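The block underneath contains the structure these notes are about, expressed in structure tokens.
Just so it is clear, A, B, C, D and E label the chains in written order, and each chain counts residues from 1 on its own.
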Amino acid sequence: MAQPIISAEKPVKVSLRNLTLSFGGITALKDVSVDIRENEILAIIGPNGAGKTCLLNCLNGFYKPQKGEILFEGRNISRIRPDKAARMGLARTFQNIELFSGLTTLENAMAARHVFMKQNLLTGALYFGPAHNEEIRHRRVVEDIIDFLEIEPVRNKTVASLPYGMRKRIELARALALEPKVLLLDEPMAGMNTEEKEDIARFIVDIFEGQGESYPDTPVLRDGIRTIVLIEHDMGVVMDLADRIVVLDFGRKIAEGTPEEIKNNPLVISAYLGQSAKK
Amino acid sequence: MALPCGTRNFSYAADMAIFRTKTQWALLLIGLAVLFTAPLWLSFYWLGVVNLIGITIIAATGLNLLTGYCGQLSVGHAGFIAVGAFTSAVLTAKLDLPFLVTLPAAGLLAGLIGIIFGVASLRVKGFYLAISTIAAQIIILWVINHLDNITGGFMGMAVPRAEIFGFTFKTPQSLFFLIMTVAVMVVFFAKNLARTRIGRAFVAIRDNDLAAEVMGINLFRYKLLAFFLGCFLAGVAGSLTAHWVTYVSAEQFSITESILYVGMIIIGGAGTTLGPVLGAIIIRLLQQGVTYVSPILESTFFGNLPSGFTAGLGPFLFGLVIVLFLVLEPRGLAHRWNLFKASYRLWPFSY
Amino acid sequence: MADLMQFVLTGITVGLVYSLIALGFTFIWKSSSVANLALGQMVLLFSWIAYGTIQQAGMPFWLGLPVTIFAAAAVGWILERVILRPLIGQPILSLITVTLGIAFIFEGLVAMFWPISTAAMPDFIPDEPVHILGAVVSQEYLWAAGIALVLFIIVSLFFRYHRYGVAMRATADDQMAVWACGIPVTKIFSVSWMFAGALAAIGGVLMSSIGGITTGLIETGLKSFSVVILGGLDSFLGAIVAGPIIGLAENVGGGYLTDLTWSGVKDVIPFIIIVIVLFIKPFGLFGQERIERI
Amino acid sequence: MLKINNIEVAYLNVIRVLHGVSMSVSEGQIVTLLGANGAGKTTTLKAISGLLHVEEGEVTDGNIEWNGERIDKKNAEYIGRLGIVQALEGRRVFEHLTAEENLLVGAFHRKDRSEVKNDLEMVYSYFSRLRNLRNNTAGYLSGGEQQMVVIGRAMMAKPKLMMLDEPSLGLAPLMVDEIYSIIKRFNEEQKTSVLLVEQNVRIALSIAHYGYVMENGRVVLDGTADFLKNNEDVKEFYMGLSAVGKQKSYRDVKHYKRRKRWL
Amino acid sequence: GNGNGSTTPPPGSNTDAVKNPIKVGIMAPYTGAAASKGKPMGDGVLDAIKYINTELNGVQGHQIQPVFRDGQYNAPIETTIINEFISPSSGIVMFTTQASAEMTVVMGIANEAGLPGFTVFSAPNITQPAKHQFASFPDYGDDWVAFAKYYLANIWKGTGKPKMALHLLNNSTGQGAKDAADKSAASLGIEIVAVETHTSTTASEIESLTRIKAKNPDVIYISSTPPPTAVILKNAATLGITPGVTIGCGGASFTSEMVNLAGAAAEGVFGIYPTVAWGDNVPAMAKMTEYLTKNHPEDANNMDYITGWAEGLLIAEILNKAITNTPGGGNALTPALVEANGFKKLSGFDVGGLQGPATYTVGDNRFSKTVKLYQVKSGKITGIGSWIDAPYIDYGFK
């Protein structure tokens, strides 16, 4: 079911225009422009310290770029607060795991349902009635996601002592629970072996495509997330999954194109891939 | 008897209930029955102690929401209790307002002042925040001390007894019912808040505030909400204190008391509903122990003890208990209790 | 004008005394990220030990002082060994609370061993006040201020350049990782608590030669917290600069504001400053910002 | 020189994680430890370095020997002094220290202070990116840069046995190749033994002399690197898609049938 | 509700019957912030009761049974203690506290329950308006008046009104003096030129004294506790205020502890104290010294032990009066009877000469109404003159 790669026709979902971000002396992003389109998985690659994570951080409002603008569905969100960005439909995972370590897997995902819930102090404190029903409603969605990602065995475990790979999956679950329009993944497969990478790759593809009637009550799984941004250092994964790739180096965009184009771009090879990747 | 080996649930509602087995419900009912018949079999003295514990549980539960759940360390809790106490005192004594108005008013004012000082928490954490809350307490007490026209200044002021629909809460027994009703309600509300949307947001902020924000939780609103709730309950406890002691002066609300509250939630188990309850009971009973033991030791071993031994015994024991608890059970008694429950539930297979 | 001079001089010297105590706080913080709320009680206990060696055991000052410092270091060592070491890796809340427990224990010990509860430190600094530009200051304050400055230079250099100093800072960041490097975390902890004990002892002897040995020393500990907040928890420079600022604010502010506001304003000024600082410069004048990266 | 004899490890006295693991590392060898998430690789390393105690874990059975001396009951410091150093997984830099100070902490217990300067140079020559970042606060470095700091720090200790937990994690492909050639060089030049936990099986086996495969707390397979490289199971499960020759796409991984779920 | 009721023998057989012990609640801040005063006072009162019980065979044959509790200077704890004291089943007929702050916390409940009690150190708000609580000697306000009068009569040599500065502790100790000054300075002919407050833990008062100095006062009055008083005195010496300006202290500050701490700076300072000093030739001195040496040598020279001992004697006398005036005697005592027949029947009791004679006057709940003036001379607290009257001041509290 691979999508045809005709990027020009896909509508732009998020548009980054001339972003510049610096910290004191370090320029993390310099005049970077990227269009993130609907119906595509966009990969961002580049050497360590190139500014990939910074780009995501700008996208969801964690960093405020000094110059340039970010248009999300036409609205400028370059100075938005992170929680607002989440409400607008931007969810992400983190390269160094950032879970709520004192909560269980289930609660981590439920925490992300926060934005959809209507409880207030009063109904929450009384619990019985509206809050209870709401909890159950959202619990269903979360259980669907847990089921989808196959993490039921750790559903009620506090996440702090789970193995690395498991925690990465829980991060994904939490991001899905936010039912985002755009999913941002920062190195979701780091520290996994090939088999586990296959799992995650499968999840990403499934999320992208949607699961239809397997999960009729959970829109995010049923309809899929049609815009995914992926940062990853495993070229096998990137080349297979991405519809389009943007390459950053020292804060600048040095290339953009289909996996085929990128694989053979001499600039990218010398800055990032190295000769070994070509074989 | 059927052991609850691996209690399993078949619906989300059942899975989310606090009390899941018949035994648990029975224990709850028995517990409540024992609690509310206490005035029949407890002496004045023990009622006094239990009343104090009840008030303490209310304030400690507030601190637990703020510190245990939301992770905002406050070492100025007694300052907010003072706000509640004086609010209630002034409103009843000077304006003749009914207790049913002054009690929530005390909570509200304490909560609002809590929000003001809580604004600092948006930028700092941990020890910085701890000190700013100490500062809050010192400033609050200074203001109370100098609003002499309203609060009686250094002298403090007398407080009338609480009155609801013409009934005056005067005897330790009637106060017991008043205080315990509020305490049970507060614990129940806190438990519910903790396990629903707001509580999860609090814990998310405690465990990883950056990620929480990225997940759509408004830090500004929720940190302030935590301060409001924590201080609101402090205010409620303050109001009850005022009508229980019947005299308030700023001196009664010391930094030491604030520190004790922190000790309570740590010993009991921060971030659990049971924690502040256990902590309040232990610390208050320990204080009573010291009240008793030191004079007894002094008279029993007259002359055989180094002079000053008893004077130092109180703080020494106190510190020792806090330290021992932390070293031996750093996650608090509630944690131990949960382990115990878990192993009981799966008995006889401990793993 | 003469009044102003007096307020300024008093502010600076008193402030440096706060700095002296604050250095001890920063020392522990930088080496183990433990916020030592028992600071005031340590100062109190060690002042009494000094009293015990010099006044009660009759040692001459030149012997009593080193003995006291040695004893203080020993107490620091025991604290680390028995109480803090088992807590390595526990959340910050537990670490802060355990120091509160220590504070109670010390208060108890003091009451047990010195039931007289207050005493004057034997005189070892001449009584005559010194006149500077029309203002007077007692020699004790000058000594305390001078010693604070010297200690500041020593500890700053130590933490910046000495390998133990650098390792201590690393320990404050991530004990587990320090351990993984094969560095004796426990020894680092011991050494830093011994140092902190010694600093508290020196501070205590100087402080109590000014105001006597009383529980008031505990409260001076509280004031020192406002100094570390203003200066930045992890900055010795902050401690040494913020002390006089707090002192000046207290004395000059108190000097001119008391008539305009309420009495006792002097005693809340440091705390009002804390609240203001936390709003506009949350990590103090020289404190390192919390690292926020995702 | 390092021998692990049938150890069992439990956390908090209840959670048993290793069920009888044996392995050995001899002088100058690079040994790699492979296995899925949660197999117990990190736990094994912690058992060796003594860090287990800090996490309320304990070696409940079996023993660990270092040059004939039992070290499974020793504390981390003692083991560190023997020259065993572990680089933790997950880029644990000292955030508030500069990159260079991080490296110096690695050299803490070395007596040859003058040599330390040279080694600093050596690390900078290995990781040239760090040279420019030497005075930057480590907490703000990018993920990969932090990883370099962590490995450099382990090297600064000049250990007899260097244990690296997923050194390639989060590194760019070029950098992975580079780091592995550095580890190999370091092993050859300094005669340091290396115990390597890695998910990137292909690259790990390319420099290792010997390897162990762990699953669910047990060693299920071991052998020389060449043997493992050619083992069918290893090829299928650990090198999977990228196995030379039949390259299938991550897009085409088969979708398993979903099971009925129980609460 | 008398706990002794069940064991009371039939009326009439009183003289031969078993004489029940009489329970008295005693609350002292044995630990906590005020332990430095509470401990010696507690020691004093317990020693005195011990002496009465063993050597005098109690009060008319009834042993005094102290129910001694450490209030820890902590309001919640003090409240639980008073709840114990007021409980009918406790059998307690009266109680005492050692500090005005302690009494302030508990007096609401005690008054409500009608349990009579008295406090050793007191502030005006405890005895005004007069309810069931009493003070064993004049309060902090009275101290000020007594000193002011003495100053005007014997020290002030100038013309016009003398200028006085107040330096007050930030609690009821300081406030009591301020209330008195507000009320009576004008009528006495004293001009208050400065009012400063300090905390109980201050380390420097140079700043406040600089401002006081600028006002050129003739006399400074300190109402506080010993440690801060010593700081103020030392700072005053540093600033050159003393010698030159007269300094007077309220009762709670003026102890040997303060003299120790202040050293040379205390020389010449005047102080009010409600009892005699150690070594004064009064009837109770010998026994008191004997018990002190035997049981509490660490309290030597501590005048708070004297106030405690005097408290013990007062308790005994109150009970003595109550037993005498109550039909049925000691076994029939109730709180109300002790108040009516004991507290309110006190008249001219000399308290072993330790403090001014104790007398109950209607509307004035202070027992002794005199204080003594002292001065530090060559490092010793030395009495000057005889007892000074401290007449009742009506502050109009409600």
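What we mean here is this: a residue touches a chain if its C-beta (ideal position, glycine included) is under 8 Å from a C-beta of that chain, and two chains touch if they have at least 3 such contacts.
The UniProt protein names, listed by chain, are A, D = ABC transporter ATP-binding protein; B, C = Branched-chain amino acid ABC transporter permease.
Just so we're clear, the structure is a prediction, and the values are computed from it rather than from any experiment.
Enquirer: What chains, if any, are shared contacts of chain B and chain E?
Expert: Intersection of chain B and chain E contact lists gives C.
Enquirer: Fewest touch steps from chain B to chain C?
Expert: 1
Enquirer: Pick the pair with more C-beta contacts: C-D or A-C?
Expert: C-D
Enquirer: As a quick test, compute the distance in whole Å between the mean CA positions of chain A and chain E.
Expert: The mean C-alpha positions of chain A and chain E differ by 73 Å.
Enquirer: So how far apart, in whole Å, are chain A and chain B when each is placed at the average of its C-alpha atoms?
Expert: So the centroids are 41 Å from each other.
Enquirer: Please tell me the distance, in whole Å, between the geometric centres of chain B and chain D computed from their C-alpha atoms.
Expert: 47
Enquirer: Among all residues of chain D, which ones touch two or more of the remaining chains?
Expert: Expected reply: 15, 140.
Enquirer: Give me the residues of chain B that touch two or more other chains.
Expert: 12, 145, 210-211, 214, 307-308, 311-315
Enquirer: Which residues belonging to chain C are in contact with no fewer than two other chains?
Expert: In chain C, residues 111, 115, 263-264, 267, 294 touch at least two other chains, as defined above.
Enquirer: Of all residues in chain C, which touch chain A in the complex?
Expert: Touch residues, chain C against chain A: 294.
Enquirer: For chain A, which residues count as touching chain D in their complex?
Expert: 2, 23, 26, 45-50, 53, 95-97, 143, 147, 152, 161-166, 187, 190-198, 201-202, 205-206, 214, 233, 235-237, 240-241, 271-274, 276-277
Enquirer: If you look only at chain C, which of its residues touch chain E in the complex?
Expert: It is residues 3, 6-7, 10-11, 14, 17, 111, 115-120, 123, 127, 129, 136-138, 207, 210-212, 214-216, 218-220, 250-251, 254-255, 258-259, 263-264, 266-267 of chain C that touch chain E.
Enquirer: How about chain D: which of its residues touch chain A in the complex?
Expert: 11, 15, 34-38, 89-91, 129, 136, 140-145, 147-148, 166, 169-177, 199, 201, 237-242, 249-251, 253, 255, 258, 261
Enquirer: For chain C, which residues count as touching chain D in their complex?
Expert: So the residues of chain C touching chain D come out as 88-89, 163, 166-167, 169-170, 172-187, 234, 288, 291, 293.
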